[in-house]
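Would you mind keeping the following structure in view while I ask a few things?
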Amino acid sequence: MNPETAIASKSQAPPAGGHRATERVREILSWYGSDNPGTKTSIARLLNHGTLAGTGKLVILPVDQGFEHGPARSFASNPTAYDPRFHFELAIEAGCNAYAAPLGFLEAGASEFAGEIPLILKANNHDVLHDEKDPLSAVTGSVHEALRLGCCAIGLTIYPGSANATKMYEQVQAIAEEAKKNGLAVVVWSYPRGSDISKAGETAIDVVAYAAHIAAQLGAHIVKVKLPSDHIEQDEARKAYEKNAIPIGTLAERVRHVVQGTFDGRRIVIFSGGAKKDNDEEILNEARAIRDGGGQGSIIGRNSFQRKKPEALKLLRSIIAIYSGTAR
Amino acid sequence: MNPETAIASKSQAPPAGGHRATERVREILSWYGSDNPGTKTSIARLLNHGTLAGTGKLVILPVDQGFEHGPARSFASNPTAYDPRFHFELAIEAGCNAYAAPLGFLEAGASEFAGEIPLILKANNHDVLHDEKDPLSAVTGSVHEALRLGCCAIGLTIYPGSANATKMYEQVQAIAEEAKKNGLAVVVWSYPRGSDISKAGETAIDVVAYAAHIAAQLGAHIVKVKLPSDHIEQDEARKAYEKNAIPIGTLAERVRHVVQGTFDGRRIVIFSGGAKKDNDEEILNEARAIRDGGGQGSIIGRNSFQRKKPEALKLLRSIIAIYSGTAR
Amino acid sequence: MNPETAIASKSQAPPAGGHRATERVREILSWYGSDNPGTKTSIARLLNHGTLAGTGKLVILPVDQGFEHGPARSFASNPTAYDPRFHFELAIEAGCNAYAAPLGFLEAGASEFAGEIPLILKANNHDVLHDEKDPLSAVTGSVHEALRLGCCAIGLTIYPGSANATKMYEQVQAIAEEAKKNGLAVVVWSYPRGSDISKAGETAIDVVAYAAHIAAQLGAHIVKVKLPSDHIEQDEARKAYEKNAIPIGTLAERVRHVVQGTFDGRRIVIFSGGAKKDNDEEILNEARAIRDGGGQGSIIGRNSFQRKKPEALKLLRSIIAIYSGTAR
Amino acid sequence: MNPETAIASKSQAPPAGGHRATERVREILSWYGSDNPGTKTSIARLLNHGTLAGTGKLVILPVDQGFEHGPARSFASNPTAYDPRFHFELAIEAGCNAYAAPLGFLEAGASEFAGEIPLILKANNHDVLHDEKDPLSAVTGSVHEALRLGCCAIGLTIYPGSANATKMYEQVQAIAEEAKKNGLAVVVWSYPRGSDISKAGETAIDVVAYAAHIAAQLGAHIVKVKLPSDHIEQDEARKAYEKNAIPIGTLAERVRHVVQGTFDGRRIVIFSGGAKKDNDEEILNEARAIRDGGGQGSIIGRNSFQRKKPEALKLLRSIIAIYSGTAR
Amino acid sequence: MNPETAIASKSQAPPAGGHRATERVREILSWYGSDNPGTKTSIARLLNHGTLAGTGKLVILPVDQGFEHGPARSFASNPTAYDPRFHFELAIEAGCNAYAAPLGFLEAGASEFAGEIPLILKANNHDVLHDEKDPLSAVTGSVHEALRLGCCAIGLTIYPGSANATKMYEQVQAIAEEAKKNGLAVVVWSYPRGSDISKAGETAIDVVAYAAHIAAQLGAHIVKVKLPSDHIEQDEARKAYEKNAIPIGTLAERVRHVVQGTFDGRRIVIFSGGAKKDNDEEILNEARAIRDGGGQGSIIGRNSFQRKKPEALKLLRSIIAIYSGTAR
């Protein structure tokens, strides 16, 4: 079989093996002109792996729920997920671009699965044994650990709106600087939360767009936010939305607004699936809205690993098919 | 030939290409006798770039609004401004002396526009998702990042009057020390704010002059404050103003007072334009007052980038013309 | 399905995109049990790229000739090779596993070709402007530079037999330790040379096997040596070869002996093509002997880049076909 | 006068003051894709200063003769040149792109002339009080000193062919790595010399091209070599020149060959004027040959500062006119 | 209960698992009063492992022959020994106290055999591809590598008598200091050799005793020397031996003299077996003489791994039985 034909017939095939990167990947890399070739290579590794390789789209499996919510809430519904190797296998078999997890989960499989799936070290974490209004993540990983484990990126959560946000911004500053020196990419989970933000405000369009913008200003290469609602939280912001008639009626419009607010689309923005949903169609519709709004992809945790592997694979592959264009 | 005349007659010609610095630039550099030649060179780069090169005056484009107020409030009125490249282009084409922005915005253009406009890394930032009485900026940049991005200065905000002011003064101390070792200039945005200062007090003449003085005492080479009103906030201060009959009736007088309070004019003091104004003449009058009061220039953010580029260029060039002497 | 067969039938398909590593790759990685997952990932990146991805075989393009012999001797026969981008393109288009070059050549393309071909920073070099009996390579790169450029390995030459060998062994010790901490792989070029070794001795079977063993003892993950002749250089060694009747009559037997001497085949050993040859069949026969003797592959420099690109591609692909099993 | 017209009428005017960089400068910067924006900015500062600003050509004044040959041999013919300020003024008034000197000479003027001329810290040096066959330069400056003095580049000499060349290559490796991290450019003076090279060989075409290539492989952004003669020093090289019929008959052809050998023209190569010549026309003819051969410019030391200032200015300006196209 | 009896009656049972160390081990540890508990623990690990655990005696398997003499001379007579795992297994199964080898050999098994046998990293090495009168070992390992691989000691060779001895003494100084800080033990192989020592002198009693003393003075915890002959090399020494009528007639007397010279027995001294011998009884007699002379044990390389495993095990166990007292 001729390799050219092979590639042509299955467009998701990664550009490795004698081919230049796709135009789209090269375009995305051009957004990161201040980064060294090492960091560009790490971003390319994420973009060139899995079923979506070369498309510029990303579906990432994140599993930090055990730390965030405890093991029973996270894994009891699918007990094979207690085993860290389950998540490596799920990400690999589903054709994801990457797997993101805290230090311990990565340590428990990085050697066995070396080279099989790009890894993102989730390097700060938060738990709910202490329940605070203004959350603060603890730094639980480092750039050295990311290099030791073969990761291509380091991930950090910030909680804009928290009285402790300043500390987390400074975590990002210090760790991102070190990561970039060493050729790693930086992923920032930006989740508004805190004493001055209402529950509805955490996913309000103005707040989510603002949170994504902050992550990009902090130097993130990849920004991850929750899907925004059409609620507007801040009065001053409402004036701007109304005066400028910013369209936020549909989910796709809101995605588009977030992407625009994140350097006019010149940073990769991906969206999280949130809590487990019973209705798969709802999840797929979200992926369609992300795609239609110009989002770069999804990061799907609880909705994948909290079900049996065959169903998890089915869902992840359905989402991937939406991004790859092989499904509507 | 008198250097002032020389500059006046060919105001756009940069002093490079076979010329000594102007007398005025050399005079300004003489104020910074404790600084190493690297820092002096960085100050000179700011003074020798753009339309005002050589005049000793500065017009700087700052764009940290996205971080401070969120993207929609900042850019929705001129959506091309969502793209970080817009601001580089605006600063360059308007003939500004420099462009100041947070890490992410600089990273998104520093390579593409290398060498075209002096850059100032705005290395701490604050957002309004958490609304506090006593604001604290987060450190979001570093001297190493400034060097990596080719900046000639690092900029920091302090909020004198905040219960957290101490922490920000210490940010300035540590970062300015490191910046000066490495040949960078230090710009301090000094914005009084906090639980003990009234809204009117934030721009009161006594408070602004005090805030500018603190910035200079912290070692800033360039101090940026808001234009002061004739309100006097502090009773103890009022006695001094009244006893000594300090003239603060006109804006130019107040500018002169602030400049005097900042080492008798031996530090560069520039003034911010504040929120977007509908009336351009008001903005130009402010520039005239700054000029007449002996201020070194303006830092114009929202009033420039929140309008379409042709209008933004028109306004910036009008302001620059006031400082260069080609307009009244 | 047998992994060998699988690979044979779709030889260009990289193992990325939803697949576990091949059995062979996992077996090879098992040899490096003392290495961290980062280094294993880097070795896997080399093994999983290009046409030979997954087979456990490697064909690498090395271009340090410009430094070693000067530009005219290296590139005048194919002047497009003066351009550093030529070599990136050649390695990518030929389907090589990796491209190895000194700092300058990598810097001249690492950004443009980020993520398209695994890179090896050749971090010491030697030139012939000073002609010495006992050569010493200069350290011309570092682990930090390798990370900055996105390399997955660092390469160093040792000249066993040189009076300066001690210094080069110590270069390897220090740099390999740092590389392994940071998740890089280590490639050692082991080329016997020096005042006590005859010209024939430089490729003598006893000397080459010894040189390969030294490289492995120094901690190399990948050892590169020249193809050995049946000459025996050292008298003490001859006794061992004769007493134990070690078969060294054919090139394949000699390759097998070198591989055995390098930890009984538990380290990757690849062989260099040497000076440009006029007869392609001779080069292909060497590849066949390497394959038959259990060598891991070839590193082909002058015989590829010193010819026009179509011929270079043709030769490299013919060699790769021998290793992949699609050609005899 | 309209600034647009101003620029149009004197094409060498620097791109500062409201203009994007010239196409040529942007093209040159594109060669350095692995460098951070800081280093690109430093290269741009060199390219955008002086009469040749924006043309992509460089004329640099280097004054390390005092260290290399002693003060009397260097300055007695023009005693005003004993004063370090003379050289700053000469470089500035002549419209040079930069001034390069050892630590002491820069310290003696960097503050007084801050911002008036880009500086290059010549960070290793050699003297003739100890006369050795195989010279070794001493490290006499550092990246920190370059930053402290406001330099945009650090310069290092290597003597390929010296038995001590290895040590100097390692100086370049360590210092260039540090320089690039901190946003400086790296200039390497590559002067073949040593026990195995004949006097004629020091400027032999094969040796000079080889020396330039080594400097580029060591990571230099700017390579400085002597003008080559048509002598060929090494027998192995002669075969390559003859077999490939490399044209080296004229000086322009030899310049072209050196430029080609230095990454096919994708690194800046400039040529030194050498010892003082009596005949100015000879010097100008050399500049014409450098221009015609595609060299990036000249570095003119003894032929400028060893004459009275008016004559020195006249010569430097004549050379600059050749590069700018205003003279034949 | 007498500790000797205790050991004799259950010779393979290590004292671990609920027992205090034997009196003898505690006595030996008392010699190292200046060492931190970490280093004492490391010495105890060596003394408490294998058949001789608790006896204060040591039999160690060293395999650096591949580096020192090349793979064919080392392993061709027993080809299974090409595989690094063979040596781990041999040391474990024979009941040795420890296994000592260079970096590469340890890396090739340290993970697989973790915790099964105390490891000594042989951290400098010499090869015979360059034949010099005054040998110098290259540093091929480090304290960090020893810690990474789980070693309890680091081993270094010195060649007293070599013109390069100074360099090796300084290697020991630096590495031993670092090792002791990190809780490792230090083993020094002290082998007199060099241009001023005759072949017979290398094992002369005066020279061997002197070499052992130097090792102890350099801070070695364990000193390894060759068995001495009754030859006296140095005239000045001969006077002392004769004047004081030092008994050196039997091997046991000479062992006793070496032990006395090494801090009167307050340092562990072990003796090497040397080249492969055909007559096992000769080897066993040497062990008896070491035991009778108060030596601490043997380090047996070529005489063990150069034979098939069953014979190698038989010999090692016979030697161990001599030290444990279960054989004569």
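For this structure, a couple of remarks:
First chain written, first letter: the chains are A, B, C, D and E, and each begins at residue 1.
To be clear about the criterion, contacts are C-beta pairs under 8 Å (C-beta built on N, C-alpha and C of every residue); 3 or more make two chains touch, one makes a residue touch a chain.
No experiment lies behind these values; they were computed from the predicted model shown.
Listing every chain that touches chain B and chain C alike gives A, D. In the CA-based superposition of chain C onto chain E, the rotation angle is 75 degrees, rounded to steps of 5.
Chain centres were defined as the mean of their Cα atoms; on that basis the chain farthest from chain C turns out to be B. Should one ask which of A-D and B-D has more C-beta pairs in contact, the pair is B-D. The two sequence copies chain A and chain C touch through a face in which the numbers common to both exceed half of the numbers used overall.
Taking each chain's centre as the average of its CA atoms, chain C and chain D sit 37 Å apart. Here the spacing of chain D and chain E, counted between their Cα centres, is 59 Å. Of all residues in chain D, those touching 2 or more other chains are 33-34, 36-37, 181, listed in ascending order. Touching chain pairs in this entry, ordered by label, are A-B, A-C, A-D, B-D, C-D, C-E. Taken together, the chain C residues at the contact with chain E in this complex read 31-35, 134, 160-163, 165-167, 169-170, 172-174, 177, 192, 194-197, 206-207, 209-211, 213-214, 216-220, 234, 236-237, 239-241, 243-244, 246, 257, 260-264, 266-267. Put simply, chain A touches chain D in their complex at residues 33-34, 36-37, 181. Listed in rising order, the residues of chain A touching chain C in the complex are 1, 3, 6, 12-21, 25, 29, 36-45, 47-51, 53, 92-95, 110-111, 113-116, 144, 147-151, 181-183.
Against chain A, in their complex, chain B makes its touches with residues 66-67, 69-73, 75-77, 79, 82-84, 102-112, 125, 127-132, 136-142, 144-145, 148-149.
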